[in-house]
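In what follows, structures are represented as structure tokens.
Note that chain A is present in both complexes that follow, paired respectively with chain B and with chain C.
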Partner chain A sequence: MTSLKVFVIARLLLVIPTILLLVSLVFFIMRVMPGDPVIAIVGMKAPPERVLELRKALGLVDESGNPIPLPIQYLNYLANLFRGDFGRSLIWGKRPVLVEIMEHLPATIELAIAGFLVSIILGVALGTLGGWKGGKTNSAVKIYSAITYALFIPWIGMMFQLLFAVWLKVLPVGGRIDPGLEPPMITGLYLLDSILTGRWDSFVSALRHIILPSLTLGLVISGIFSRVARTSVEEVMRQDFVIAARARGIPEHRLVIHVLRNAFIPIMTMMGLQLALLMTGAILTETTFSWPGMGTFLFERIEYRDYTTVQGTVVFFAIIISLINLVVDILYAYIDPRIRY
Partner chain B sequence: MEEILKMRNLKAYYFTREGVIRAVDNVSLSISRGELLGLVGESGSGKSSLGLSIVRLIPPPGRIVDGEIIFRKMDLLKLPEKELRNIRGKHIGMIFQDPLTSLDPLRKIGDQLIETIIVHTRVNKEEAKEIALRALERVGIAPDRFDDYPHQLSGGMRQRVMIAMATMLNPDLLIADEPTTALDVIVQSRIMDLLSDLKRSMKMAILLITHDLALVIERSDRVAVMYAGELCEVGSSEKVSQEPLHPYTQLLLESIPNVEKPRTKLIYIPGSPPDMMNPPAGCRFWPRCPKVMNMCKSIPPRPLELDGRMVRCHLYNGGLESGG
Partner chain C sequence: MYTFRPILMKLVPKVKLSTLGWVGVGMVTFVVFLAIFAPLLTPYDPTRTVGPGFQPPCWEHPLGTNKIGQDMWSRIVYGARTIIIVVLLSTAISMLIGVPLGLISGYVGGLLDRILSMIMDAIYAFPSLILAIAMAAALGPGIINTAIAIAIVYVPTYFRMVRGQTLSIKEQLYVEAARAIGANHMTILVRYIFPNVISIITVVFTLSVADVVLTEAALSFFGLSVPAPTPDWGFDLKAGHPYLLSGYWWLITFPGLMIMILAVGFTFIGESVAEYFQAMEVRT
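For the complex of A and B:
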């Protein structure tokens, strides 16, 4: 077996304890938080039947109303998660949390991908330019990183809305697509689905709607990428193999690929880390642009104290992020042969 | 013998914030086909800067200020970057001190060899692989190493790969900057054997840059001694080792420990190399020179032709001002 295969298998096995730890953390943090969640949801003056009903729904008491001990609650919770049961919403028809997540997830994934692309293209290109050229270009990129990193998403989002939607009237203020143009559901990603079904009017509409939110999200995250890309390109440029490659007559356009590949590990680590930030960024971006994704959804359910939905969503995110880290680690090993221990 | 490279009055300075470092100052040196020229000097004497200047790769804030470098009838300093790039790696090969960091750690050595061949010639990938394998064979690396990454090879093997890469396109000149410093003595001797073989079989000129005078005396045809950015003596290894002219060369030779004469005191050169930003007035070596005269402290010595050699020292113009 090649060393890469061994690494991938070992890394896959490591996901199990990681996810177990994450979901346990969410469970216990929810339990040690002060205050009675049931009272928080229904209020002090709620009728006792309603309180009991909620306690049952939350898995705090059994059918006859006796409290379930914490270890049993924990095991029930794990068993349910294992079956893919994230619980049911406490409000509006008590739908399964997973179903609701799946309804809102594609919108967030679409925005996250678009925002991530913007940030990588902007960040890595500018960072590489700065690290490669040095001098004044480098200083300009430094300033760009500092400014974009410090931007507050709702503010820059509103500025874009003001400029492009209100004054220039070239792009919509918010939303995901013009009403009635939603493409048939295949993946849930409007841009992709409209291409797959050949609905060009839907595609144009979805594209026009995604430009401002993805630019907002991408711009803020690009600051971090340009910073990491700049410092790691700078560092690689100082290494002997760069001058050795030049001494072999390797042209600059080929050399930049060698340098980027060597500089990529720190950039990729940052990408993995930024995915977490992307989620919080997505919440702010989504609420600014009324984007119907996980961010808007989570924000709304926190307001309504939809306890099970919030817990289920957090667990879901924890699992997603540990899976992203898994992919990043495997990519490391693929790019850098020295990591395959 | 045909002169393959001729440097005339080459000046390469580093323009730092603190001041100008004259790393290479008025150096004239030539090297012929099939000749191994050893360039010796202490750390910071400017020998590596000289090597990098030849292919115009002196890193910023360094810059070549003046002079000419004639290589195969072309002035390398006047050549456009694109043409120069074609000379680097094809007509002038270069190897460096640390063979681990001189290879891209993320790419298989075979791919790095192939890339170099492809940018310089019109062969396809298959033919390039054949050339690369032949070059590896010539330096004693087995073909099954072709798909290895640099970290999977030993230091000596990596330097062999570097040599294969620098010589596979039959360059006229190989610049070897401290090629054996990072290696142990036995590997060092094998690498030097390999360089001598290449010199003979391919009629290649080799510029061996090192701080190791003993190695140069043993291996090279001619020796150039560099001190504080200037050449102080150039001559055949035989003459320089038997009858060194410049006091610095004399001290360097005396300070080589001799195993056959045990229990002799280790001889060293007192003082330290000059501050290159403010070198001493007159001869740059005078503060450390045992034969210092009054005029040395104010008048810089000119290079003198003497007995087929070059020496830059007032001792040899009868103490008279100016000369050659």
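For the complex of A and C:
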């Protein structure tokens, strides 16, 4: 077997204990809570039938009301997850958590892609500029990276809202699209769906709504890209071929392409690593702009103490992140043969 | 070069900061100053109604008042206390768990090391904010609970760095020499290895503390940090958000600005410290 195949198999096997650990972590976190979760949800004065019903829904007692021991609860929980059952909501008609997640996921994916694009364009452009010019420009880009990294997303979002939506009145303050303009569901991504179905009014509306959230998310993550782009362009600029190319009189705008191509691998590595940050950032961005995605959903359900939904959503995030990390790792091993465990 | 300086002196490694680092120190000092001297700097009780609601910044209320007429300046100043306490407490907890575990895991090795590393890697892979939200939601509001929720997220960061450093230090000649003269494991860990991981702890601390600030702000923005009347920047930011459309800009501008001053200040220090240690490594 080639070493790449060995690596891929080993990495695939590693994902099983990782996911198992993460879902167990979530289970035990939700159980260490001081006090009675059921009382916390329904309050002290709830009728006993309601309390019993909730205990059943949470998997704390069996059908006849006898308490289930913790190890058995844990095994039941794992077995349910294995069947793709993330539990049912405690409110609003007890809908399956997975169904609700799937309804909110496309909005988050759309925002994440848009934010990612903004951050790459901003970050790589500024980073390349800094690494290329050196001196004062470089220091300025360095400070930019440090500041954007430490920005608090909700605050930046609100400042944008205040400036562009309240004072200048050029963009909507929040939401995903004007009501009634939702395009027919194909992928769930409004921008893509409205192009596919040729609904331009929907497209314009969706685009106007996504500008501020994606700018907010993109700005905050761009700092990391500008930092990586800056250092790796700096490094490439010191190599002999750049000096040789300059000596031969190759114009700077053509040299940029060669430098960027060489500086690209570290930048791409960073892109993969930032997906988790992108998720976290999306949650905060969504709650600021009332963007109807996973973040707003999670936030809303925390407020309603919809325990099973919160647990299911967190588990879902854990699994998604493990899988993304898996794909990213294998891709790198494929691109760069030096990466092996 | 290895000199026998007392351990206490080594707890504060000598670091030369860049200009940017000093700007960061200035920003953080400003917030710490507000936190320490809060009672002297504020004319009002931050949890009481002391004026009309939604008063724009004026002479009596330099940063305005919020919906129920609490003085925003007083809330901002006392809010510095909340965030500084939570950040210090959670960092202390992270260190108290992460550092000893890292030392032991790296020193003992074997199965224990494998298991601990795997658990830490799993926590590390979790998106930090989501983990903190889950923890905080489960533990309930309060300063201590918030600190614990945040601390768990940063334990693996300390663990991984300390473990890595321990692995390389335990192969050093002076550790072998200590073992040869009959030092037991405890002595070796505490007297010989621990002093040499302090610089890495400093770097991890300065690099992660800005993140801790942002996580605390995010938790309190979600209403998962300290309970309601306590002044807290993230909470005030959230509370002011619904009135953005009415143009009450002072409710959101100032709490957010403070979060940014603290986070950017810590980032500047972290960058500067990391740069210094990198330069040191290149030199030796």
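By definition in this document, the second predicted complex is superposed on the first by the 288 of 341 C-alpha atoms of A that agree within 3 Å, B and C clash if a C-alpha of one lies under 4 Å from a C-alpha of the other, contacts with A are read in each partner's own complex, and residues count from 1 in each chain.
Heads up, the rule we're going with is that contacts are C-beta pairs under 8 Å (C-beta built on N, C-alpha and C of every residue); 3 or more make two chains touch, one makes a residue touch a chain.
What you are looking at is a predicted structure, and each value in this text was computed from that prediction instead of being measured.
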Checklist entry - Now for A:168: first (chain B), second (chain C), both, or neither, which partner does it touch? => result neither
Item to check | Contacts of A:248 with chain B and chain C, given as first, second, both or neither | outcome: first
Next on the checklist: With both complexes overlaid on chain A, does A:158 touch chain B (first), chain C (second), both or neither?
Outcome noted: second
Next on the checklist: If we overlay the two complexes on their shared chain A, which of chain B and chain C does A:258 touch? Say first, second, both or neither.
Outcome noted: first
Checklist entry - With the two structures laid over each other on chain A, which partner does A:240 touch: chain B (first), chain C (second), both, or neither? => result first
Item to check | Dominant toucher of chain A (residue count), chain B or chain C | outcome: C
Next on the checklist: Output check: A:17 vs chain B and chain C. Expected answer is one of first, second, both, neither. What do you get?
Outcome noted: second
Next on the checklist: Considering only the defined contacts, which chain C positions touch chain A in the complex?
Outcome noted: 20, 118-119, 121-123, 125-130, 133-135, 137-140, 210, 214, 217-218, 221-224, 234, 237-238, 241, 244-245, 247, 249, 252-253, 255-257, 259-260, 263-264, 266-268, 271
Next on the checklist: Which stretch or stretches of chain A touch chain B in the complex?
Outcome noted: 134, 239-241, 243-251, 254, 258, 261-262, 335-338
Next on the checklist: Quick check: in the complex, which residue numbers of chain B touch chain A?
Outcome noted: 52, 55, 57, 59-60, 85-90, 93-94, 96, 98, 101-107, 115-116, 119-120, 149, 151, 162, 165-166
Checklist entry - Across the complex, what residues on chain A touch chain C? => result 17-18, 21-22, 25-26, 29-30, 32-35, 40, 142-143, 146-147, 149-152, 154-156, 158-159, 161-162, 166-167, 173, 276-277, 279-280, 283-284, 287-288, 298-299, 302-303, 310-311, 314, 317-318, 321-322, 325
